[in-house]
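Shown below is the structure under consideration.
To keep things simple, chains are lettered A, B, C, D and E as they appear, and every chain counts its residues starting from 1.
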Amino acid sequence: MAIETPKRVHSEPVVVNIGPQHPSTHGVFRLKATLDGEIVQDVDMLIGYLHRSMEKLAEERTFTQNIPFTDRIDYLAAMSNNLSYCLAVEKLAGIEVPLRGQWLRVLFAELQRIASHAMANGTFVNDCGAWQTPLMYMFREREKILDLFEMTCGARLTTNYMRIGGVAFDPPLELWPALCSLLDEMPDRLEEYAALTVDNEIVLARSKGVGVVSAEAALNASLSGPLLRGSGVPWDLRKADPYCVYDQLDFDIPVGRDGDCYDRFRVRLEEVRQSVRILNQVVERIPGGPWQAEVPLHLRPAAGEAYARIESPRGELGFYVVSDGGPTPWRFHCRAPSLINLSALKEMTVGRSLADAIVTLGSIDIVVGEIDR
Amino acid sequence: MDGVGHHLAFWSLAVITVGAALGILVSRNLIHAMVMLILSFIGVAGLYLLLSAEFIAVVQILVYVGAISVLMLFAILLTPRAARDNAETAMRYPGLILMGLVIAATVFVALETDWGAVREEPVAESARIIGQSLINEFVLPFEIAAVLLTAALVGAVALARRDDEDIDAHEQSLTLEGREDSGGSS
Amino acid sequence: MTVLLDLQVVADQLRGAVPESVPRVDTWAVIVDAGHLVEAVRFLAGSALDLSFLASLTAVDRESHFELVYHLQSLDRNHLLTLKTIAEDHETPCVPSLTGEYRGAHLQEREVFDLMGIRFEGHPDLRRMFLWDGFPGYPLRKDFLGMPGTLSAGLPGFPHESGENRWPVPGSTPVIPQS
Amino acid sequence: MTIGLEHFLVLGALLFGVGLYVALAKRNAIGVLMGVELMLNAVNLTLVAFGRFVESEVALSTSVFVVFIIAVAAAEIAVGLALAMVVYRNRDTINVDRVNLLKW
Amino acid sequence: MSAWLLAAWYDLRDLSGISREITEWVASWGPEWLASAVSGAIGAIGILAVIGPTLMILIWTERKVIARLQVRYGPNRVGPRGLLQPVADAVKLILKEELVPRAADKWLFFLPPVLVFIPALLVWGVLPFGPHMQVADLNVGVLFLLAVSGTNVLAVFIAGWASNNKYALFGAMRVIAMTISYEIAMVLALLTVVFLTGTMSINGIVLWQQQEDLILIVLLPMTALTFLLGATAELNRTPMDIAEAESEIVAGYHTEYSGMRFGLFYAVELANTLVMSAFMATFFLGGWWLWGLDAWVPSWIILLVKTSLVYFVFIWLRGTLPRLRIDQLMTFCWKLLVPAGLLFVAIAAVERTLLLEYAWDRTIALPVMAVINAAVTVAVIGAYARVTGAGAHRAPAGPRMARGRLGGLRAARQLAQAPSGSD
């Protein structure tokens, strides 16, 4: 047997590797769990299987060339990453984005949020043990959103759509009817999801009171996004530090009650609804005009540094870019919410069963590309 | 019982049963021994069927194969790896001699005794008859068996329950004295 | 809208609370002396400024020294402060760990240690995170490795490597580190 | 040759002998329990064979005995395994030749 | 019905005629043992002939139905409407290399796929497809079913232990704990049925339902539910598939099995699901009997339709529900199913005595009993739901809306104290 018998320990703890190849780690993420029976005694995460050294590579490429890298950081929310990076460089170089470009950025960032939350909630219920069904349902809308992306920029996942100073293309005309029909059916779909999952006894039994993290602990551990809000802290950068045109939009910030997995799930579900609200406003109010500022291809911002952050689907996604006046960034750092949200993993999982640990990991909604970069 | 089928069934089942029992005897691995024991149980169940005792055969499978062996496997899993061998003690040779003596004596008695009238046809509908005799002739043993089972259940739970003070005291003693060599390793 | 704190005001407050903690203030950040970092951060996280949320922690290799950059956020008062610390020693830089103050510093400090090679005094579990144990060098340092034919400087091979078993680089001369 | 009572009796004797040896000579407490189970099975087999071949006043009374024996065996195994667990917990071994203290 | 048609071997309504004809023919010239061997062989071949193609169709059906539940198409490439997909799967599984982990217990590793197959085939022997279409009408048929299907757990345990894999071991531990518990619930459920019908012969239970002119699920809804859930647990299907919980322990006990060995596990899982559906249909839905329709339609088709219904329920559960945790499953079994099972054993005993001893008019007595039992069922489940705090009306409130109260801990506290109906 692979189980070692430690000399003086009476009951034998079992070390189980969850990952790097495991159905519920959503990528090559390895969680080394020490179990006493089914109870988790200790978890240690061993990551880096997907480390591509983005931050080093970015120091070798010009500011514009770095945009495709950001796609691949969080491949489930490429638009958000593009946006955050472009905001940082614009801050660094002092570039003003035309109004239509800003609205388009909001449009695609919110679409991306819906797509990402659909994935997160689907896999979360999957981790609770459902046999793919919720995931497939939520993929339905995600597919439509990815189709919109494809219409606009030709790619579905790694969009590379935002540019420094705006967006790459004005969306084609056929995007708008497709978007409107999607927005029309979204409320029904959301009702359907809610009916299927939110008061499902088994989902409740599996996620209520599981993986609890208090508001104090969440703040101290620098959690952000749905985790922080699930713990009851009303903090959303779209409201707190509005970028683009979010200050002109009307939407609400859902906040959880107990900080358990179920609350995170509900917060994500509600955020999708709010995103639909935002999108409806965007469709109504988007102005005409140019969508991209005149930016030199070989941008050489003056020496300096900038930290720009946005509320990505997973939390505070920040880019810290330092320029030394040259064509490439001197330092390019991504504040990855997936990684930092794992800070509280140990507190959330230790002392509960293995099944709960899996559900908790699912509710954190990690993307390994973003953890490892 | 002189049909070809009967002969075939009896001899194959006898070989399975005794062979599996010998397998327990020689097996060094407790889990392998356990599998052999299960095989032996199944062989005995087959012999019951041959003896037209369907009810007993099914109960044999249900209780021995379905419950007792699973319980034993569970117990094996709960003990540490080092304790999963199936070695013999110093009683090996006395045991062998005693085994030979017992077998010889029993076989002698079995073969030399006149067992009286031998019934050719089995009694049909065994389950109904057993049930009726259980609650008519044997109602007192039946109740006693029920009490015994309950007592055993309670006793097993009481024994296997693990008090927290026990663990603490035990782990303390372990750290003080060190762990005894549990003997054997696998 | 998040307010960026006036650096000079914060620096004065810090100097009042923790003497000699702020040697200077640059355009973007308050620079705190590494020796007083924990005290300074404890003061900043306290009720006076409520910078209780460590938004981001990273380091920049300035070739002669390392800059550690902390973005501290107050959620209740919605203001942001950029704090910097200098690790002077470029070979074996070392700064105090903030894990005592912020649980969230745990993973970020490990990341910086892994990629930049900055040791954090007092970090409970300072191991490599992305790279394997025994990986030679710290890749985000400027003197780590330069990719041949690209724009920036760097070493031509791993520091420990001898000349012959370097990565084969067809038809290009290694870039000489400029300083 | 017909398969008769003697066949089953000899088979039972063999099974009983093997069980006796296992119960006596095995070091592991669970192994000992296996031997006991084998012996019980041998007895059951003999009883059922008697019930099949020998006329009795109460029909199938042997089978009733067998049912009782199986019930008692189930109880015995539960208690026996619980005992083995307790011994293991207190002595850190389930080797019967190491459990040589009558008190602890 | 004319008697000559019923007795003829080509009467599709009772295929046992074929077996009888052949056996009689063999007995007319051959020895007795050959005749009985031939009769057994016919049963075995018949069962294999039923299971083989049915499994193929089942794999396709399950995948297709699950796909429909999941708004996708399912297999539609191999053959017409993807019907040949199972064949392609089988070919793939056969051609795949069968890996044996180096540290595995080689002998024991080979055993489980075979061990798991034997009981899966054996239980078919006591399933009555028609009034005479049953390989062995044991008078302890119910016990036989329980005993044989209970041995599955051994194979699963050995599989988990021999693979020398921690996931597999976890699966084995879980399956033992769960199966033993749910088997008790199942035994109690079947005991209720046996008490009421007064027979342990499975065909006898169908005949009782025919005689009383009702299906047992009407009379014993809680028992039927217990049996269904116990079967779900025994079959390791969602929501009780903790033994092979994909998201937790990868594939549980058969993590290390590949190729056709895995194929055997997979086939047996489906075959067991099918046979449990068939027994569910037999015990609680009247089996081959359907209010006289069985005189016209072949009885095995009636059974097949009922089985498909139950099977659909299994697929439906699988496609819909998430998995429970092991402690929740145990709680559910020991705190609801077992006590309710005991209660219904008592109820069934009383009802049987009333029916037999006092010979009440059945047209009145049976409906009254059905109503009483249904009421008790509702009461028991309601009480359990009340104790555990479950219930759709108690769905937790959704998230609050921040509504301009952005901030950190202070804002969080304010928000927590705000009236909860703020959104």
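Just so it is clear, a residue touches a chain if its C-beta (ideal position, glycine included) is under 8 Å from a C-beta of that chain, and two chains touch if they have at least 3 such contacts.
This is a predicted model, so every value here is computed, not measured.
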Steps in the shortest chain-to-chain touch route ending at chain D and beginning at chain B: 1
Mind naming the chain pair that shares the most C-beta pairs in contact? B-D
Taking CA centroids for every chain, report which one is farthest away from chain D. C
With chain centres defined as mean CA positions, report which chain is farthest from chain B. C
Most central chain, judged by mean C-alpha position against the global CA mean: E
Just how far, in Å, is the C-alpha centre of chain C from the one of chain B? 69
With chain centres taken as the means of their Cα atoms, state the distance from chain C to chain E in Å. 61
Averaged over CA atoms, how far is the centre of chain A from the centre of chain E? Could you give it in whole Å? 41
Chain centre separation (chain A, chain C; CA means) in Å: 25
Touching two or more other chains, which residues of chain E qualify? 406-409, 411
Two or more other chains in contact with one residue: find those residues in chain D. 89, 92
Of all the residues in chain C, which ones touch at least 2 other chains? 52-53, 75, 78
In the complex, go through chain E and note every residue touching chain A. 66, 69-72, 103, 164-167, 169-170, 238-239, 241-242, 245-250, 318-328, 390, 392, 395-403, 405-409, 411-412, 415-416, 423
Can you list the chain E residues touching chain C in their complex? 406-411
Spell out the part of chain B that touches chain E in their complex, as residue ranges. 3-5, 29, 31-32, 35, 38, 54-55, 58-59, 61-62, 65-67, 69-70, 73-74, 77, 125-128
Which stretch or stretches of chain A touch chain E in the complex? 1-3, 14, 16, 22-24, 38, 125-133, 136-137, 140, 198-206, 208, 215-216, 219, 229, 231-236, 239-240, 252-257, 262-263, 266-267, 270, 353-356, 358, 362
Mind listing the chain D positions that touch chain B in their complex? 1-22, 24-28, 30-31, 33-35, 37-38, 41, 44-45, 48-55, 58-61, 63-64, 66-68, 70-79, 81-86, 88-98
